[in-house]
Amino acid sequence: MIVIMQPGASQTQVDHVVQLVKDFGLREHVIVGTDRTVVAAIGDKRNVDKGAIENAAGVDRVVPILAPYKVASREVKRESSVIPLGSGASLGGRKVAMIAGPCSVESREQLMEVAEAVKEAGAVGLRGGAFKPRTNPYEFQGLGEKGLELLAEARERTGLAVVTEVMSIDQVDLVSRYADVLQIGTRNMHNFNLLSACGGTDKTVMPKRGWSATLDEFLLAAEYVINAGNSNVILCERGIRTHETYVRNTLPLAIIPAIKRESHLPIVIDPSQGTGHAYMVPAMCRAAVAAGADGLLIEVHGDPEHAMTDGAQSITPETFAKTMRELGAIASAVGREC
Amino acid sequence: MIVIMQPGASQTQVDHVVQLVKDFGLREHVIVGTDRTVVAAIGDKRNVDKGAIENAAGVDRVVPILAPYKVASREVKRESSVIPLGSGASLGGRKVAMIAGPCSVESREQLMEVAEAVKEAGAVGLRGGAFKPRTNPYEFQGLGEKGLELLAEARERTGLAVVTEVMSIDQVDLVSRYADVLQIGTRNMHNFNLLSACGGTDKTVMPKRGWSATLDEFLLAAEYVINAGNSNVILCERGIRTHETYVRNTLPLAIIPAIKRESHLPIVIDPSQGTGHAYMVPAMCRAAVAAGADGLLIEVHGDPEHAMTDGAQSITPETFAKTMRELGAIASAVGREC
Amino acid sequence: MIVIMQPGASQTQVDHVVQLVKDFGLREHVIVGTDRTVVAAIGDKRNVDKGAIENAAGVDRVVPILAPYKVASREVKRESSVIPLGSGASLGGRKVAMIAGPCSVESREQLMEVAEAVKEAGAVGLRGGAFKPRTNPYEFQGLGEKGLELLAEARERTGLAVVTEVMSIDQVDLVSRYADVLQIGTRNMHNFNLLSACGGTDKTVMPKRGWSATLDEFLLAAEYVINAGNSNVILCERGIRTHETYVRNTLPLAIIPAIKRESHLPIVIDPSQGTGHAYMVPAMCRAAVAAGADGLLIEVHGDPEHAMTDGAQSITPETFAKTMRELGAIASAVGREC
Amino acid sequence: MIVIMQPGASQTQVDHVVQLVKDFGLREHVIVGTDRTVVAAIGDKRNVDKGAIENAAGVDRVVPILAPYKVASREVKRESSVIPLGSGASLGGRKVAMIAGPCSVESREQLMEVAEAVKEAGAVGLRGGAFKPRTNPYEFQGLGEKGLELLAEARERTGLAVVTEVMSIDQVDLVSRYADVLQIGTRNMHNFNLLSACGGTDKTVMPKRGWSATLDEFLLAAEYVINAGNSNVILCERGIRTHETYVRNTLPLAIIPAIKRESHLPIVIDPSQGTGHAYMVPAMCRAAVAAGADGLLIEVHGDPEHAMTDGAQSITPETFAKTMRELGAIASAVGREC
């Protein structure tokens, strides 16, 4: 941590900051500049609230030096992690993993039709919500366990790994019985109890970035899971809230090189949530693979106009198949395959 | 809902949209404009995913007409709600309710000192975290039940109502045994299972607005609680994530008149989280009361430089007392009292 | 500047950074921490692009220490500046200055009616656009010089100081002949040529904060004006672009204490642009004065429903007069007057 | 325009809105819904301030139906425009146009070295700033006309088209004498006088999207240029301001399919400004081409560590050449070439 004093801070004020640094069990190092004095605090204390020093008289601001995450960082593990996806597939290696399926599991017929179509087109994972986090309490909340059973049946039929959301700690056991990957939704990325609970399972866990989470907070969500004993974590970017209105969310693909630099964990892009409009999805799939994404999470529905949820951003199986063909060439241009 | 067709949309495309509107159980009304055709869909269906129509050929976009919330709206209840706070105090009436205390309960001594000081200065509620949602798993996570016991002891001593956070559905029973008001943190505003669980208690529930939640989503969080059977809901604004860096969060006080117009529920402002810097807190307290806030939630700590959490934004009991004196005059200027 | 090295950066990499620091004419100071090495660069060089060092191998990031502005800072001038507004009024002293009037000057009748009404209610300045920056080229662009003449006539009649926008360097001379205060609109806050040109006049200059400008950039806009030879600068906050849609802009009032801490310049709040909705304006006027604003800039129109521009956010003279009465009591609660 | 009345609006209020609609020269169409009445206003009036109706009693909000831009829209011109870039090159056709070069022209040696390197690697345009918009008045402001002469000399030598920024209306003539493309910077996207002045030249004009401009505002900037008589407009996305801090700007690539849907104009992506970090640039170049960009604008510098401006985001000629090779394969995967 670096404590930057205000211009004209007195020696007494500097001395007091030095004392506070010592109170934290850190070692101080004072640098007197031309305009300002700076107090560097040396030592690894990720567990203290350094911001408190800001309150001391004469302090301008406090700049942290250490990244707040540790086990999720590339500093701790240099080589990129390859994480099991289930059904023999994995994520983070040479092959870019395609996870596709409906927003919600609506019926056996709907699910099987989509599952077979996306499998045929090259997907390795099946997404589908059984428990749906709905902002509006009046909307369809998912089929619950019945939906999970259908997902397992689809896996049986197609060999696709099942990726589905768990919304609450009391659903973790149930969802774990059916799913290969426990998805933690954007609204729950900061739900630390849920992250820890998923960290107690042997399933791969995929937290989606919160709507306005920082990169540090995103990696700290992974850190919660790993610290609870589960290293199989996949990160998923699904767009952030900004002033833009032509999209439902703004999809910041530069997070791909950023994650690759900061962390060993693989990163999946969700271009469906990440745009909110079906017509944009193929372009964003191509962009994500070109930028180095390890996988894609795509909403596909046999009849988007009548989808119970997220119809506006669901592509058809035909569009998915066409997109997959384009992705193959792009993946190969960046030394990957689809 | 209004479906706006693209310029040049064909009659077949319009007919198809009309059919989709009927599929939703709504009645259509077609308006042919100079440049575009518009299809209005008449009927109250808050439970269908109208966005799906966007996928139909020739559709430009879909504009909802009805607010997505209902029981939280002023449309349903014209007069403003006065909500019990506990210990005889209430929130939403003429008196602006001051809820103050430390970010975290750290020790008996720390808590009692602050509780007595804020009571003396005019507070009616005591805030204090027993379970702390920490972005960083290495940081102090709160005293847990021990913290709740101390809060109850402080209530006993001072007569202040206890406001404390519940982070997870498995904590609802425990926290309810000690607290007067169940606070739902910003990170959990979209945790619908938790909202519903709190809605099953007889405690007042105070959801804080999510970092990037819209006004509609904020009111829908209240709607979840009310729909679960509990009408005692207080809204709390604590700042949003923006591009600004001189604050920890941007505090949008215009939400006060907006809530007053849209909803019958009272609104509390948290100027501590809402700025992140102690030096800004008094000014934002004054602004919030002047703008019509029904209450304030303020972090006060006897020794901010050594606070275990949120020291940078905690004011001292002395600053709190001084601020309370200014607030009295402002409250009276807007026909309220503190 | 502080250069933070990546964990595991080699001695050669650190040496190279030290050389780059020297190339900038700065003095280096190397601190070896437990996890990372940090290179502090000592010396006042606001004119070099320090970011370039980020490109050197082994560098994690670069943290500036000095504020980029100087003459606008409180560091250079401790006492708050009181700036002449014209017609004998000033801004930045004990009296909170009210500047009110229509968005656009539309006609003599419209302007005189509003000018007299706001004068009567206590305003000291008259706002009104003669040149209008319209996002849409098809909309009303203002009366031009005719509008300026009407503003001068209104000043003659009422004694109000005239505040009006200058959009382009070729308008500076013309507008200076009529106006007391040259307003630089939010869209031009980064128009450095225009800032410098206004800095060459003897008129007070009021840059409005850009939609997404940082605090530093806002103060640097003032710095441009002052460096061009004109110290009479007033800052105006008019709201920022965020994800919020219930307002046209999000009005961050915490900028008031922030400016008071960082700069000696006075700050005016525009609650009309800052919300976009007339019904919110009185509450935000009260909040701004309570938070310590030195002045307000308010859109008032005799017939908002037929206003040629910004009708949605214009209040009537009656609402203005009523608001002024409330503001008097609030100003006095914070040791000011209106 | 659609006027949505509040629930319970009276017949008198609806009648008044109908009258206001007629006052605008529009035709009304009243739809009585189950909960609310809606007044549709029919007719093409892009030139009235419809927001004013929001002020009428009983009105909830006003929804515009028509896009505010016209000549920039695909509605007016179905086929995509191919715009001349200069030196025989063009932008918007099958070939993705690469425009590369230093942020600032610093010296003849620096510029020629980069120009030859990027030409060799496949660029068709040379970027380089002669007039630099610097947020900080103390920083390097560019070589001015000397810089323009060097750019022209580099064009002579390499055959690259020259793309350079014009900051102010009084520079338009001068810059037009040297440049092939007049770039309008992000800070000037709302500088309507400058847009119009560039629209009076016969040079191609390239406005960069404002930091927080909406899609509509971006297209209206193009509309200003076209309305001034110049149809040769290229749009350039360079990232927006959001809460993200691991990037200098957030680059929203979904604007590519959005522009392709709404407008006939070509779109260029600037991954240098769009990220702020050299290490992210190659990934974002690939993503932009994969998403369908018509061109890229890339900062390349022979010695980024000593660049006078934007060193942190400048890539070396070697990295540029390597990236070009990858882009060829990606372009061909999407039916284009580089």
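Some notes on this structure:
For reference, chains read A, B, C and D in written order, and residue numbers begin at 1 within each chain.
By our rule, a contact is a pair of C-beta atoms (placed from the backbone, for glycine too) under 8 Å apart; a residue touches a chain by one contact, two chains touch by 3 or more.
Values in this document were obtained by computation on a predicted structure and should not be read as measured data.
Where touching is counted per the definition, the chains common to chain B and chain C are A, D.
Across A-D and A-C, it is A-D that has more C-beta pairs touching. Centre-to-centre spacing of chain A and chain B amounts to 25 Å, using the average Cα coordinate of each chain.
A separation of 38 Å divides the Cα centre of chain A from that of chain C.
Per-chain Cα centroids separate chain A from chain D by 30 Å.
Touching two or more other chains at once are residues 212, 240-243, 245 of chain A.
Note for the complex: chain A touches chain D at residues 212, 214-215, 240, 242-247, 250-258, 261, 274-275, 279-280, 283-284, 286-292, 326, 329-330, 332-334. Of all the residues in chain A, the ones that touch chain B in their complex are 20, 23, 46-49, 51-56, 62, 68-70, 133-140, 167-170, 187-188, 190-194, 210-212, 216-217, 220, 223-224, 227, 240-241, 277-278, 304-314. Chain A contributes residues 2, 4, 6-8, 29, 31, 33-36, 38, 40, 42-44, 63, 65-66, 75, 241-243, 245 to its touches with chain C in the complex.
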